[in-house]
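Down below are the structures I want you to see.
The same chain A turns up in both complexes below, where it pairs with chain B and then with chain C.
Up next is the complex of A and B:
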């Protein structure tokens, strides 16, 4: 087994976890919340698209943006490549491993067969680090899994070259060079500014605060598009999965962002950011109440208009709260 | 969230959560999944009911295997169509048996690949009695011939 010396750590989210681990491996001391915050990871978007089996929402920025924003704001240069030819994609990955370069790969999460079967769904935007290889398997470090684990070569190839929405196309990346000096203050402020803009001002009706309001409006109509009560229950309970279980650090990344703000306050010696981090932690608690509410209502099949109206009101209240929060945060970093 | 309010004992599914620690600092801790710990039975019950209902429709010829696997695997229609290389309109046609039977074998293989099953499973479902499901498993082995698969019934743990 060819195994690169690499420290495996679990992380809240796959992309921030993967990027953080690679930066740490390269010698840059940075935490997952700091990567998330500088890269303006906090977000909200509500989607009704044929690419999803049912309306869904995301609570973080576009996949790939973490790496791109870290590159822009910290000056880290990444090797990045997609492949048309799976054989070439496999060969390049093998060469990188033989050169002892831990390499991040974009994959379809469904093929990560070390995860519990009930968790495995087709999502083309999962990220793992590949850190070794033997005759039949790759050694991988997946932020969602407690330890380093193996994945059959054929399985990783399938995962890297699954087609469909946001197809990975064998995408690989790793940091080529790290800057000798980093202006964290500037990077943090730019990260916060962009996050606030995304939440408040992006001129798209289904993202940011507008996305939350759309979610609040449309969730009341979910019974009309469900096959039956069990299907509706499944989709309502998925709200809990999307907020808590699908690698968000809890409460749809709100706790992770609160941690970033606390760390940013320390780095910048800025008391006002510390207060904002406390506010974000409380906002996270309110999202977590939504998670529990959805899980309980779904389990009890208590999904009449009254209960869904209650859920809608809770989401709208979060929209009000986050509108005020990000307006205040934007003013702080003007 | 306070650290003391988080912990869920569920080893099968661990994740990182960010919490407020006793010294008021925020940081990561590992805990089990709340939803999986308390509601996994409900999830399986729903999935089994759904699968049975779809299987009955499949047996009656009311839906095609493409529709069956699309729902069971929770694919979005656009995503699945893109993986297979057909339009959503065409995909919806393939949801019906009368169009499924006219499909080329090469296209059927693309569907099977997207569903991560042997192409032969587009024509049959292999099942075991409940008492055997914990003891036996079916292992499908691909051959050089992409349209020929060998399925072996093995004892679990072999």
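Up next is the complex of A and C:
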């Protein structure tokens, strides 16, 4: 049996949690909110495309961006590899474990059979750290699970090589080298600038504040593209799931970003960031209200034009609030 | 939070659950404090929407923040875990 000495911690979100745990293991003291903020994790995008059976939205930057932005802004070099051949993918992972290198793996969440069954859904962008191997099982540290656990070798292989949208293709990564010195001030400011740019200025009509407004406009037309009231109800209730569940960090990641701003205020000795943190907490509360409103309306099949109009108004109000917020935040780090 | 015993706090939490979710046919004394709130064995028969409603009520009532879904799952495990969370968070404010 091979078990690497590795500190397991739960986290708000799998990718930030996995990256943070690997950086901590390598000796870099950094928190999950700090990783999220420096990597400009906060985001909004509303999508209507043939890739999706129904319009959907995201509240964080795209999977993989956390690692890539941390690499750019902190100077951490990562080993990263995808595999066409599952056998090779398994062999490389086993070699890394035998060298005592904890390694992050991208997996289909459905196969994480230590999680309660009702939580397990097919999502191809879940991340776990593999920290050891027995004869028949891998030892894993999953930031959604309270303790280190095991996964059968065949099960992890299935999870790593699941097919479908954003298929993991056996993707593995771990930090190859950490810089001896890090300019956190610079990294924080760059992270905030990029997040503000993404929310306010990215010239794409369905991301950032523009994406929120599009969502607010189009949600009123969802009845026209739904098969029936059950389908509409399901999609409206999914708003709650996307904001609160399935690794979204709660309240659309807004609380996690608020915690980042609070920690950034201390690192930069910048009192005004503390106020921004409080404002972001309140924005998180407002998203949670939307989440609750949508869940309740969907459950009660209360989905007439008036109710969807109310939902639209709530989303528009968040767009107004976040527009002001990110404008003020961008000014602070000019 | 004013000083109160853990038993008083648990009773208060039970009343908060019943009041928030508008449950009329269950008395606080019959509510088990350790059975998982969302399990089939629990007489409350709660669903995930009740969960969000409870999170919001706990946040408002005790001036605490349940900031992510993993924390929410752990806090809402049972009446005991809610009480433990409220006590821990209150101590942090002292």
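To be clear about the criterion, the second predicted complex is superposed on the first by the 332 of 334 C-alpha atoms of A that agree within 3 Å, B and C clash if a C-alpha of one lies under 4 Å from a C-alpha of the other, contacts with A are read in each partner's own complex, and residues count from 1 in each chain.
Here is the rule we go by: a contact is a pair of C-beta atoms (placed from the backbone, for glycine too) under 8 Å apart; a residue touches a chain by one contact, two chains touch by 3 or more.
Bear in mind the structure is a predicted one, so any value in this text is a computation, not a measurement.
Aligning the two structures on chain A places chain B and chain C in clashing positions. Contact with both chain B and chain C is seen for A:299 once the two complexes are overlaid on the shared chain. Judged by the number of chain A residues each one touches, B leads among chain B and chain C. In the superposed pair of complexes, A:50 makes contact with chain B only, with no contact to chain C. Look at A:163: by the touch rule set out above, it reaches chain B but stays clear of chain C.
Contacts of A:27 after superposition on the shared chain: neither chain B nor chain C is touched.
Contacts of A:277 after superposition on the shared chain: chain B is touched, whereas chain C is not.
In the superposed model, A:203 lies in contact with neither chain B nor chain C. For the contact definition in use here, the residues of chain A common to its chain B contact set and its chain C contact set are 10-12, 143-144, 146, 240, 244-245, 247, 249-251, 255-256, 259, 281, 284-285, 288, 292, 295, 299.
Chain C meets chain A in the complex at residues 47-49, 52-53, 55-56, 59, 65-72, 74.
Those residues of chain B that touch chain A in the shared complex are 1, 6, 12-20, 25-28, 30, 33-36, 38-40, 42-44, 46, 49-50, 71, 73-85, 88, 114, 116. Partner chain B is touched in their complex by these residues of chain A: 10-12, 32-33, 49-53, 110-111, 116, 118-119, 121-122, 143-144, 146, 158, 162-165, 167, 230-231, 233-234, 237, 240-241, 244-245, 247, 249-251, 255-256, 258-259, 262, 277, 281, 284-285, 288, 292, 295, 298-299.
Listed in rising order, the residues of chain A touching chain C in the complex are 10-13, 143-144, 146, 240, 244-251, 255-256, 259, 281, 284-285, 288-289, 291-292, 295-296, 299.
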